[in-house]
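So that you can tell them apart, the chains are marked A, B, C and D in the order they are listed, and the count of residues begins at 1 in each.
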Amino acid sequence: MHITVKYFGQIVEVTNTQEETIEVVGSHISDLVGVLNSKYDQLEKKDFQIAQNQELVSLETELIGLEIALLPPFAGG
Amino acid sequence: MHITVKYFGQIVEVTNTQEETIEVVGSHISDLVGVLNSKYDQLEKKDFQIAQNQELVSLETELIGLEIALLPPFAGG
Amino acid sequence: MSDKKPKNVFREGAISSDFIGNSIYKHQTKTSIGAHNIFLGQVRADEIDGKTVAAIEYTAYEDMANQKFHDIREAAFEKFELTCMHIYHSLGTVKAGEICLFVFVSSPRRKVVFEALEYIVEAIKADVPVFGKEIFEDTSHQWKVNN
Amino acid sequence: MSDKKPKNVFREGAISSDFIGNSIYKHQTKTSIGAHNIFLGQVRADEIDGKTVAAIEYTAYEDMANQKFHDIREAAFEKFELTCMHIYHSLGTVKAGEICLFVFVSSPRRKVVFEALEYIVEAIKADVPVFGKEIFEDTSHQWKVNN
């Protein structure tokens, strides 16, 4: 599956890009995170939540093919 | 004792004056209120607190000769 | 920063939005502040028995009121870690829609300002001898009572 | 008055005191309002390891953030009897002393605005994907985290 992945805040300091398309074999968020961890070796040290189609999800959530975002700790206000 | 008495808000509608000097025989706030009730027959219908020297007092408080104020319900803000 | 002598909290007439905006502006030099909380009391055009409130005419036992505002201010600085606090209250006529009370607290952190502002506003309503004559559009009136 | 479509809550750069003053002014035609409560977040010049924060650079996952602001707004109108609610958040650079968050609630009665404002500000801090890069005076940086 091809998934659009967006990066924000300090995650961009690891990926050096704000958005890319990732090819995933497997059907869960955890499979995508596995691909990202092998691609970016600094990513495991970072604290982030994952949104799929703008809703927070867990590693066990199924990939539905819509936009994924890696969100570091919120700092609004 | 001669006491300066100030009136505020709706109390002024009963007394028709904002300030006057009242001659009191007796030494407590209750004695002053007795004089005022005989002078203004509508006063007993009014809800008010009494301040002596800018502090709220009760009917049992002693008159010390300083300024008295009749304060109807507060409506600040 | 607390101070000893009661200030005059009262302003003649309504408190303007320009005055409030300017007061906010003046705090931008205080860079230890992280959170401001502002309460504004606005005169409501309440309808009572078919008559509409057009304005409130405020009077006060001014010396005692300023002393009470001062006591509230001192107590709030004692209880809460505040950087600044400002209170302004109208005297005289304030029309429906206009602002009659402006309370402004600032602190490094937000939790403090929420608690402090509510404490201060409730104390003002309960303890300060201010009186309000609600003037209806037909010029009749009734006396406002805080609850 | 709730509405269905998410608005854009974000403003480029700091929120000015004039904008806030003007927003207050516009509410003076709404004569059912008795109480306004305003929260302002201001960027602090925190000192960390001898370095001073000069500014915060805000970014956001904008679509999701606007949806979250919208959800918070709907939930607040559901829970509290509010007449109006406005939220503005900065994107881009906001210098120390400048305002980055402006939340404004209004209601006929005061108890409601205190509860509603705190609810909204806490929800914004917890749920909205906004990110803040604290830029020190020497141009180094660290990432801000809400607590």
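Some observations on this one:
What we mean here is this: a contact is a pair of C-beta atoms (placed from the backbone, for glycine too) under 8 Å apart; a residue touches a chain by one contact, two chains touch by 3 or more.
Here is each chain with its UniProt name: A, B = MoaD/ThiS family protein; C, D = Molybdopterin synthase catalytic subunit.
A quick note: this is a predicted structure, and the numbers were derived from the prediction, not measured.
Ranking all chains by how far their C-alpha centres lie from the centre of chain D, first place goes to B. In terms of their C-alpha centroids, the spacing between chain B and chain D amounts to 49 Å. A separation of 27 Å divides the Cα centre of chain B from that of chain C. Averaging C-alpha coordinates per chain places the centre of chain A 73 Å away from that of chain B. Shared contact sites, meaning residues of chain A that touch two or more other chains, fall at 77.
Touching two or more other chains at once are residues 41, 110, 121 of chain D.
Inter-chain contacts occur between A-D, B-C, C-D. Residues of chain D touching chain C in their complex: 17-18, 20-22, 24-25, 27-45, 96-99, 106, 108, 110, 113-114, 117-118, 121. Contacts from chain D toward chain A in the complex involve residues 41, 56, 58-61, 63-65, 67, 89, 100-101, 121, 124-133, 143-146. Those residues of chain B whose C-beta lies close enough to touch chain C in the complex are 6, 8-10, 51, 54, 69, 71-77.
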